[in-house]
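Below are two complexes that have chain A in common, paired first with chain B and then with chain C.
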Partner chain A sequence: MLEVTGMMVFYENALAVNDLSLTVEAGQIVGVIGSNSAGKTTLMNTISGLILDLREKERRKGGERITVMGTVRFEDRDISDLPPHRRAEIGIVLCRERHPVFGDSTVLENLRIAGHLRARAEVKQAMDLTFELFPNLARYKRKKAGFLSGGEQQMLAIGMALVVKPRLLLLDEPLLGLSPAMQTTLVQAIKTVRQETGVTIVIAEQFARPILPMIDFGYVIENGMLTMTGSGQELMDNPEIKSAYFGH
Partner chain B sequence: MSRRRERIDRGIKVRADDIYALTSWREMLYLAAPRVAPVLTLLVVGLAAGPYWQRVIMTTSMFALLAISWDVLAASGMVSLGQALFFGVGAYTSGMLNHYFGWSPLLTIPLAAVIGGAISTLLLLPVLRLRGLYFAMVTLIMPLIIERVIEATGIFGGTEGISGLASLPHRLVELLVAMVMVWVALFGLRRLMDSDYGLVLKGINDNDRSVMSAGINIYRRKAEALFIASSIAAFAGAFMTHAYMFVGMPVFAMDYSILPIASTVVGGVGTLAGPLLGAFILVPLSELLRGLGGLRIVIYATLLVVFIVGLPEGIFPYLKRKYTQFERWVEVEK
Partner chain C sequence: MFEATLIYGLVNSVILALVALGFNLTFGISGVANFAYGAFYVTAGFLTWSGLNQLGLPFGVAAALAVLITALMGALMYRYLLLRLRGLVVSEVIATFGVGLALLELFRYLGFIGFEYTLPVMIDASVDIAGVVVDAQRILIVVVGASLAALLWVFTRHTRTGRAFRAIAQDEHTALTLGINTDRVATISVAFGAGYGAIAAVVILPLGTISVGEGYNVLVNALAVCIVGGLGSTVGVIVASLLIGYAQMITATYVDTHWMMIVSLVAILIILLIKPSGLFGQQKELEERI
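What follows is the complex of A and B.
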């Protein structure tokens, strides 16, 4: 479904993603595991196309020169030069890190803004799914999103991605800043989403412990380079992963 | 094989960044040239020019001061749409001191800079808590209010203004004082903004809550920055008052609010040198275009748009980058 080949991203002279290739089959949950500054966010931005916008902005204001190389193919179509909004239209939806919501709008308004691409009925259906997944959110429908807790904002952000009816859902650090209990809730919700909608999911995360058990396939990246691949179970059994991410 | 463009600091810059590594005249020249050359150029051009263009350079210097003061305010998180307020308050203060007390311009100009700065700061003190658009709106309205108050009540000469004020001793003295003041303001404030004090001001602009958490009273700091910036603008106003030997309602005109912003945008926001460069491009340009009549504004405005769209970072940062870095194509190895 998604095929990234020979991806290289430079921020000025710093290499953020180094010759990375990965494949995602339809219906899979794929994990991209890496510590801080491994290149997870850059990879997600490259798949969703946001990097193209960032590159143009930096170019205009004479800031850092961003160089993007390699190809992104989505359902046998080369989308390397497709702008981010067109990618969202064909179903690649990114939920950015640090739960980006519209702070001054209510929860319902946030979901409606996110769903402007889709028909009203579809949005309604996706909203129902969101409130079913996150009952907490349903209680705060008319509350301003800026006043929600970090966890609730993350749930709302995922809801906003679901409303776009993604075929490929990209989650960038969905567990960031959440308590272990909240992490479990969210992992459970992600599994339910896959079951109910059959969407393909790519999760970039540094917390390997809650993520590894649920993924079909995982990529471990370090300093922008692919260091290990394998199924969730294989990665969990790997001694290096154990020492680096589980602490024993 | 794919290639990408690489940006690298010039070796001479890397070495010159460390003061101990200055080993040759070439390196010292590299550091000194961008600072000394503009000062000398302006001096030579100023002295060689005729009376009319000397006048233009003097006016431009005052606009440059306004622009630098705008940039200091903006760097401290206060976007002002009313440099005319500071300019006008300074102008009226020195005018009054000269008219009613008969004091010499050599005394009234420095006094007006300090008093004008203080008055402007007091006027804006209640709105220091406002940020961004709200602060800008208040500063936009302030000069209009004062203008109308003067018109309605007829104080300070009312609509007529006050003419026949004392002039500065000599045309050349005038020119040289203007130039010296511009360079003192530029280099002094650039140093200030690089010091710890300036870093706090920049921090207020970036994230004022973090600055508060560091135990710093941001309103006090903002008031101080406002005083520094408005004093400079008030100096420009006082200076122009004595240059024209007249003070009146036009000192609160929009020109004095808008031109500094345009200069800053063209030159480069946050650099202080950019606004100065911008003023020295825009003001003489507008004089050159004077012969074109009505088309002048059209050409002038078009140029502004071209600059903003084509070079949003500003001329100064662009030149600086070209001076300190070079670019080359490199092969990317996988």
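What follows is the complex of A and C.
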């Protein structure tokens, strides 16, 4: 479904993603595991196309020079040059790290904003699904998203993505800043989303422990480079991963 | 005397709010400070005048056309000039101010100077409010001002484009991930702002003459209201309009009408010294890196 080949991203002369290739099959949950500054966000931005917008804005301002090389193919189509909003149209939806929702808008308004591309009836349906999956959100419909807890904001972000009708859902560090209990809840919710909608998911995370058991396949990256790949089970059994991410 | 100051002060405040609404709208959504705003306002006035007097169109048609053309000019200015400069605030200000100067001085060059450039009032009548005679045009201005503000509120909450306005005002990147074409939405917001300014011109200009100088006055007034209220804040626009509107009216009544424009400039200076972000402005945090 998704094929990233030979991806290289430079910020000025600093290499953030180094010759990275990965494949995602339809229906899978794929993990991208890496510690701080490993290049996860940069990778997610190249898949969602946001990097093109960042590059363009920096270029206009005469700011930072961002260089992107390599190709992104989605369902056998080369989308390397497709702008991010067009990628959302064909079903690639990213929940951004740290600011995935509109803080000044209410929960309902966030979901409606997300329905930009969709017909009213479809939006309603996706909103119902969201409130079914996350009953907590239903209670806070009229609360400003900025006042929700981190976990609730992530749930809202996933709900918003569902409204866009994703075929490929990209989650950038959904567990960041959440309590262990909240992490477990969210992981469960992500699994339910896959079950209910069959959407393909890529999760970038530094917390390997809660993620590995749920993924079909995982890529471990360090300093922008792929260091290990394997099924969730294989990665969990790997001694290096154990020492790096499970503290044994 | 007191009642008159009260009522005419309110009318003056609504005029200021109406004038500032479009400027504030564009800034709040796309972050573009449109310094061609006053020129657009005057353009709408001259376009209406031409439609009426040179093409012989009915007032409603001439006004509607003028509003549409002005909005389109806003869109074109954004699309072909500002898009390249997005994020470079100083360049945006210089570019839009340049467009404004060019337009205004073009009118001067074309000979649009003199007292014959006036627009007719829509209803020639007056009413008596608490012993003060108020003409129908001023009441119309208050009604239009309130309607436009209400319309904007409804629009941003209940239409697709309006919600996209709210989205890009908060976070362009997140908006992009939801499939919102942010460049297009920003273009529409500039067109909307210019259109609002044009509507303001069509209802306010019948009170005086259409002149190049009015373009500068309108820009200064819009800036004063937005800076005092806090750029981008709608509540700020309303409160600042009342403050400056009454201050101007009191100055005009007890000092001299010539000092009215000074009030706006002094208001800008005072607020910049005391609270540079304005009464209701939130100083936006530096956008976090992604």
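The criterion applied here is as follows: the second predicted complex is superposed on the first by the 247 of 248 C-alpha atoms of A that agree within 3 Å, B and C clash if a C-alpha of one lies under 4 Å from a C-alpha of the other, contacts with A are read in each partner's own complex, and residues count from 1 in each chain.
Operating definition for what follows: a contact is a pair of C-beta atoms (placed from the backbone, for glycine too) under 8 Å apart; a residue touches a chain by one contact, two chains touch by 3 or more.
All values derive from a computational prediction rather than experimental measurement.
Trainee: Please determine, from the superposition on chain A, whether chain B and chain C clash or fit.
Mentor: Aligned on chain A, chain C clashes with chain B.
Trainee: Figure out whether A:Arg60 sits in contact with chain B (first) or chain C (second), or with both, or with neither.
Mentor: In the superposition, A:Arg60 contacts both chain B and chain C.
Trainee: Contact-wise, after the overlay, does A:Asp104 reach chain B, chain C, both or neither (first, second, both, neither)?
Mentor: The second partner, chain C, only.
Trainee: In the overlaid three-chain picture, which partner chain does A:Ile241 touch, first (chain B) or second (chain C), both, or neither?
Mentor: neither
Trainee: Looking at the overlay, what does A:Ala114 touch: chain B (first), chain C (second), both, or neither?
Mentor: second
Trainee: Under the stated touch criterion, name the partner, chain B or chain C, that contacts more residues in chain A.
Mentor: In the superposed model, C touches more residues of chain A.
Trainee: Could you look at A:Asn13 and tell me whether it touches chain B, chain C, both or neither (first, second, both, neither)?
Mentor: After superposing on A, A:Asn13 lies in contact with chain B but is clear of chain C.
Trainee: Is A:Ile29 contacted by the first partner chain B, the second partner chain C, both or neither?
Mentor: neither
Trainee: Just chain B (first), just chain C (second), both, or neither: which does A:Pro84 touch?
Mentor: second
Trainee: For A:Met69, decide between first (touching chain B), second (touching chain C), both and neither.
Mentor: So A:Met69 only meets chain B here.
Trainee: Would you please give the residues of chain A that touch chain B in one complex and also touch chain C in the other complex?
Mentor: Correct list for chain A: 60-61.
Trainee: Quick check on the complex: what are the chain C residues that touch chain A?
Mentor: 84-88, 157, 160, 163-164, 166-167, 170-171, 173-182, 288, 290
Trainee: Along chain A, where are the residues that touch chain C in the complex?
Mentor: By the definition above, chain A touches chain C via 41, 45, 48-50, 53-54, 57, 60-61, 83-86, 88-89, 93-105, 109, 112-114, 116-117, 160, 164.
Trainee: Please name which positions on chain A make contact with chain B in the complex.
Mentor: It is residues 6, 8, 10, 12-13, 19, 60-63, 65, 67, 69 of chain A that touch chain B.
Trainee: Can you name the residues of chain B that touch chain A in the complex?
Mentor: 2, 4-8, 311-313, 317-318, 321, 332, 334
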